[in-house]
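Mind looking over this structure? Questions follow.
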């Protein structure tokens, strides 16, 4: 078994109180601790900024902001971006969330391999096209890219959401890849198998 | 639901006998008809050549040849090649076979996203490095690439296997992508969930 | 003199009867044995599938199919594809056929260096643009690429021909390049010099 | 005069207290407000996370961490990364800081155009080579890249610094470019002209 | 201090009379000898052809030709081309001339980092787009590229100017980079600081 | 028949005396006027500089310089460079000269398609590898590239020859491609057919 990172994970009990609390909450909810929480925890200040930024973009309601993007839209952007950057951790972890939020067990693999072939809406396709431009050629983004978004009902505020999520996970992808961070095995199957109904 | 191909599938009953027989055999064994069998069947001569070539490379024992590559090795090459070519059909269909033959539910996603991070042997890593050179820059293949294979115990005969599988599926990837061939939903989950033991 | 392949050619007399017969026929007609026939013959099952596929695409009348592409069109696609993949064998061998079928001694060099500057029809230019998209970015092929073909009178059936020839020779290019297969010297001059009229 | 961003800057007086205080401090120290502080302020939660992350990496002493990288090293990484991403704001703003910290009026232009030709130490050259690998091909980072750093006395902790700065500013570059954020004119000349001695 | 070239500079006094005279004139006017004049002088015949070509394109009035491009336009093309080729000498030296001729202290850095974000006219933007096509993909230049120029009032004669300057400096960039030619320190600050008025 | 250039050729009789004389000399020797002589003649000052530079590099003996590169070496560099830049005029015209000087009817096609497969000496292979680095990534040329040349007996003076020829024809390629300059039909066959012995 490959180690989940080049950098040893810190002891959960030795972490600052705020990190430990948040991590235990996540564990409670998910049933396991996603490796990114431990991998980054060796540098608490960076950990705090990373997750504050993450939450501001991915759960904007927690910072009092309303976004027109759905949870599924957001995870779709992350999955496409992470595939473009060939980041194993993020494709697997966020692909799982994408399946769950979109309630589509197949969509994450489709978006990761080739978003042009994915079973998504034309609006989502335009969203991913913009994300890929920001991801791969941000210096060439111009008015025509915004116009393509507007044609699908996106506002400039939505464009900011798409671009910021793409940019943030471009950072996350580089951190995960350089440090050899690997996804927890639990992520791979999440959202693929319909849950049996209660009492089933 | 997106149609599984730009080109309509032929009626199974209208196909030449040899195609129909082989397709029904596959359906019997797999429980469903992989779309590639129907998508290519509209041109029987090409269908026959395609699957004859496929079998010569992927099940060499059926043509009386022994290969040092395992079934898992071969599907791993197909998965890596198809990911490099962003072919949705082949990543999903052959990723399923890879999981099954290697008995590793996680390996296909790892190889598809970034084979450098996959939980595979150094020998398999060298095999995929050679495959990627053939896939992406065959005009630059030289003695040093063969030497890297030899260092892991591969012979020139094995190199032929690796290169030919990579080249064949590079063709297959282009056929699937240009024609909009989509994978059957059944493939996505295959090999991900351990089968319950009999009587379990 | 460089050897014409990393892999030794098999003895013609030791080959299975069907291979030997076909190869002697080719020799009869061409006056020499193109190296690809010997280079691939070391693996008869692959040889048979390769040439069956080749013939189904390049001489469709032999399998009872009518194609709207001319022989010259088909060799033009092969030459452009092989140049894009920097495959010496195929550019030289199929460039010769292109010159012969199109009866244009200069066209193969033009297509191989830069098809955009070649003295070909706008219809052929569109055909090669589609082939280059399949060759270099098949994952990005979409409706607009088919529309560009339709504008020149090509049908979806023709698109299949173009794409399949491009895909098949992308495989052939990789096989030739990885194995160091070199073109027979005879190919270089074929079709360049007008034949003297009988009795001349 | 081009507007300094596609997104209007918020009114400084309408900003949350903590943002306003920090921005006024920066203005006090620099003599002007760098546009990034106003451009991002329209989303206070993202602003806070961005600058918290920035400070954790760029002024680690403010979060109680010691880094072996000098201030000049860090700005050199930012300048090279931003040039690779063709981000006008960051090349100009951080190039200015690089000149000031390194006390070398020419170094920023050198690093921005081609770091291989810059008048920097072999250790800094190795640092930038690692940064460029993380910036442009993070999925290919492997042990040999760490070994190249170690050969110049860098530790894995330093590697984290280099990679994290590269990744963070890759995000920053994308935010600035997509939103059309332009550098303040004041940055262009900073650090280029030696200050006259006091009483001069 | 890095040496300004891998190839030693010849002794000014040992140079042929015509080279020496021209070089001393340049020194007189500029206050220093730009390194390119000494770096190329080791081969007088190449030196003469290089500067004859340079002058025919960059000061066409000296060969009796009128160009619709301004001096600033021409230096802008050189700066963008040299940045695309990552040539330190030419970006720094010609960026200085660009600042001076355009009387815009900021424009050279903008054009060098990302010409799409530079504070230039739409006509100049079209000019640089054409130059970048010639610089990076000349084999793909076609009628549509000329049409884009015509839409901004450029003639085919102007297109020749733009393309020839781009092509000439593509040569110059390769000569400077391969030989390790470095810019004189004097260039870096030229045109950045407004001159004090006489008697100031 | 496509016109041999977007820009009309000037009338030979209306050209300045020195151009006319040189062009008639070339015609006398070659039996036809290579299109480049007419295509560039519309701007006599650029014409003079172009051919002065050309001669200084390609026939150094005419400017009193001895080069260790043979005529065949030089044309081989031009052919490889022009193929990398996909310049139809230069591949065809200089490929002809390469065949003639090397007395090898096949070598030009080999070098143009993939110099790694060409029947050339290891010394020539190293020469072309250096040329390709200058052609495609001059900003990355470093000591190791010179060392690779030295290992084959090349001096730094030879390196200058290789780089300067590559750079000059990179310019020539861009001029020919942007202007649609096409090769004279006569070039295509030159050097391909052995001349009949006198009295034969």
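Letters A, B, C, D, E and F mark the chains as written, and numbering starts fresh at 1 in each.
The rule is short, and it goes like this: contacts are C-beta pairs under 8 Å (C-beta built on N, C-alpha and C of every residue); 3 or more make two chains touch, one makes a residue touch a chain.
Here the structure is a predicted model, which means the values were calculated and not measured.
By residue number, over half of the contacts seen at A-B repeat in one listed pair from D-E, E-F or D-F, namely D-E.
Here chain D and chain E face each other with the same set of residues for the most part; over half of the interface numbers are shared between them. Rounded to whole angstrom, the centroid-to-centroid distance between chain C and chain F, based on C-alpha atoms, equals 29 Å.
Computed from the mean C-alpha positions, the centre of chain C lies at a distance of 53 Å from the centre of chain D.
Chain A and chain D have CA centres that are 25 Å apart.
Residues of chain E in contact with two or more other chains: 86-87, 114, 117, 139, 177. Chain-to-chain contact here is organised irregularly, matching neither a line nor a ring nor a star, and falling short of all pairs touching. Under the contact rule defined at the top, the touching pairs of chains are A-B, A-C, A-D, A-E, B-C, B-D, B-F, C-E, C-F, D-E, D-F, E-F. Residues 6-7, 43, 45-46, 48-50, 52-53, 55-57, 60, 63-65, 85-87, 134-135, 138-139, 141, 146, 156, 159-160, 163-164, 166-168, 170-175, 177-179 of chain C are the ones touching chain B in the complex. For chain B in complex with chain F, the touching residues are 139-140, 142. Those residues of chain A that touch chain C in the shared complex are 114, 116-117. Note for the complex: chain C touches chain F at residues 1-2, 83, 86-88, 91-92, 105-106, 109-110, 112-114, 117-119, 177, 180, 182, 185, 188-189, 192-193.
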